[in-house]
Amino acid sequence: MLFIFCFGLAAKLQPQFQAMPLSRAKGDILNVVLGDSRRLFANEFYVKADAYYHSGYYPTMFDDNAAFKTAHMAEDTGAVNSKNKGDEAGFLGPKRNWIDAFSRHFYPDHHSHLDEGGPTDELGKSDQVREILPWLKLSADLDPDNVQTYTVTAFWLRERMHKVAEADAVLHEGLRNCPGSYDILFELGRLYDESYHDKDRARNVWEEAARRWNNLSPAEKQENPFIMEQIATHLAKLEEDAGNLPRAAEWFATAQKVSRTPDAIQVQINRLKGKLGEDFNPLMKPLY
Amino acid sequence: MRNIFAVAGVVIKELYRRKDFYVLFIVTILICLVMASVNIFNDAKIARYLKEICLLLVWVSSLIIAITTPARQIPAERENRTLLPLLAKPLTRLELIVGKFLGCWLACGVALLCFYIFFGALSATREHEWPLLQYFQAVMLHWFMLGIVVALSLLGSLVFAAPSSNSTICFVVVGGILFVGRHLDQIALTLKEPVRTIVYSLYFAIPHLELFDVRDLVIHNWPLIPWTYFCLALLYALAYMTVFLTGACLVFRRKAVN
Amino acid sequence: MSAILQTEKLRVEFSSRELRGVPKIALHGLDLEVRAGEVFGFLGPNGAGKTTTMNVLLGFVPPTSGAASLFGIDVRQPIARQRIGYLPELTYYYKFLTAEELLRFYAKIFGLARAEADRRIDELLKLVELEHARKRLIKSYSKGMQQRVGLAQALINNPDLLILDEPTSGLDPLGRMKVREIIQRLKNEGKTVFFSSHELGEVETVCDRVAIIHQGQLKAIGRVSEITGSHANLEKAFLEIIGFPTPTSP
């Protein structure tokens, strides 16, 4: 009788419980089991992927990790602003005593990247970067709101693994979980441009990314100007390749506004001005 | 030596007649096969995550066997009163301790071999290669590390009253050394005296089990460890095994057996 | 006849666990001698010191003072145990072994050659009537079967001295009869048997000489008939010796 009563009560209350705003009954099993701690695990697996990118040569919390603040696997995609400082090859420091000196023969002891052939520098095996993918996938499953996981995964999928369809799927999954993310849109644009060679779609997606970024508050724009610089310079190159030089120059001007190396961009603008003539001034009309 | 091998033989028989090893082995196989069946971006060549999971399970299983098997040897002999008829034979206490150690260590070795054969087969399905020398180095280092753990657990079984408390303490100590042993000297520098001296002394006194954890080298296909350092590591392990076994013999000599 | 087993002013003290506690004296200068070829009964009430004496003889407990020897060798030397067999009171053996494996293990410790060990194992399993169960794990044995395995392992090295601690404890009358038969057989083969027991009726039947110990002190030693004296049986004599007056005593 008691069992039937409890079962009936649970069935009656189930819809109300699921409709509650903080209910953990929604979502997948990982969400229910781990709760908010899943983000901790997601971060751990993201770092794990970077450790795999270095074939295990990675600083622990006791080592100097100033050169690993930004994951190198993300940095090497060219779409992430690096916060790394210091010596990435020497985070272990000098040998502290004979035990430390002896022990260095028993774990990875020099810096390498998987996309460059790993510790044995076998460039022919640069597709070994595939080994980071399981951890990135797990990280994305645990924390679907982390944009960088999708962009990094997609980059290596198409760049080294030549799995363009899979990269496309990852980015679209990212857009479902993080709607309107300019980082993901930028990476999607790169996929259309470099892999599908579909310049029009790439342009549309990059311009959408630029619009999304431009809708941020000034404080938010200050946090990540690097991505806008990347979007603008890619659009500039696209327009230049399409022969639309004025538009290209305007995009370079937009990039220069947010760049930390405006002089380098000025060189590009000057080059285009040279082609267009002295009267053209793109700085009068930057797009964003 | 005859007596030592006789005692060791009984310990090995006990291990393969108990369910512990089979349960751990089957669980390892099942988890690895489930992980291997996961589709990761339609790429069948991804191997390292599988190697890592398999090696992690192998390490956990081997530590369970290496700690719990010696932990129950002498206490079980006392509880089951099999110790008295054994010591009533022309068998010294030293031979008994060494025999128990050898039996547990050899049993761990056999178990380890089974685990690593499975590991080799699993990684070969993805990587299509068998770096035998690398596996040899990894297995030997792992086995010798387990020798230190077995000796430590055997000593603990004579010092602590219950096998469960001995096992718990051993797991904590071994886990602590594996995770932070390498960094104790760095931790010491952040502390004030006299704790700094104590931690620093501990750093030099403890057996550095993490030396023998070469999983990263195996997983990421690093080149072989230079043979000189490999042999020195084995000698290092033998030294600690001798120390712990000597301690165990000295404690057991004074212990009442009835 | 030469002394196979000898103790000389054997004293054993166990220190107290309490602070400033008085040590417990288990044996007060015990002098004992067992000659070759005799069946010797070692009697005493619970806590008299019988098990302590056996533990010293087997090397489990070191004496505080005095000496104990087997075949003229100090009991602290492992070689002293080469020619003895021991059956403890509570017989538990490795549950994960079969009877055959257990006997083979002990045979190895005694250094028996393979062929000799095989022959002894077959002989003993037949003697203790465990041939049918030789390949079964000991954990499936009954109490009586475990006792018989114990007897077999005590005889594996064809010992010249057998030390038995309560050999018939827990056995049914048939089991006890079989143990008595084995003891008699060993005596006929010229072996020496040293055993403790509470079954005074049995002791009276099989023993040549007995010693009675009480509160760590030897109270009487001699032939059964000498000890019994004018008493009706050994039990009455025993009770008087340890200081429990019987209705017929003055």
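Each chain carries a letter (A, B and C) given by its place in the written order, and its residues are counted from 1.
Keep this in mind: a contact is a pair of C-beta atoms (placed from the backbone, for glycine too) under 8 Å apart; a residue touches a chain by one contact, two chains touch by 3 or more.
Values in this document were obtained by computation on a predicted structure and should not be read as measured data.
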item: Chain-level touch network, classified as line, ring, star, complete or other; value: line
item: Distance-to-centre winner among chains (Cα means, whole assembly as reference); value: B
item: Centre distance in Å when chain B and chain C are each reduced to the mean of their C-alpha atoms; value: 41
item: Centre distance in Å when chain A and chain C are each reduced to the mean of their C-alpha atoms; value: 81
item: Residues of chain B touching chain A in the complex; value: 38, 40-43, 45-49, 141, 182-183, 185-187, 203-204, 208, 210-214, 216-217, 219-223, 225-226, 229, 232-233
item: Sites on chain B touched by chain C in the complex; value: 2-3, 5-6, 9-10, 13-14, 17-18, 80-82, 84-85, 87-92, 256-258
item: For the chain C and chain B complex, residues of the former touching the latter; value: 51, 55, 58-61, 78-82, 84, 86-88, 90-97, 101, 105-106, 108-111, 150, 153-154, 163
item: Chain A residues touching chain B - in the complex, by the definition given at the top; value: 52, 55-56, 60, 62, 96-97, 99-100, 102-103, 105-108, 118-120, 130-131, 133-135, 137, 157, 161, 163, 166, 170
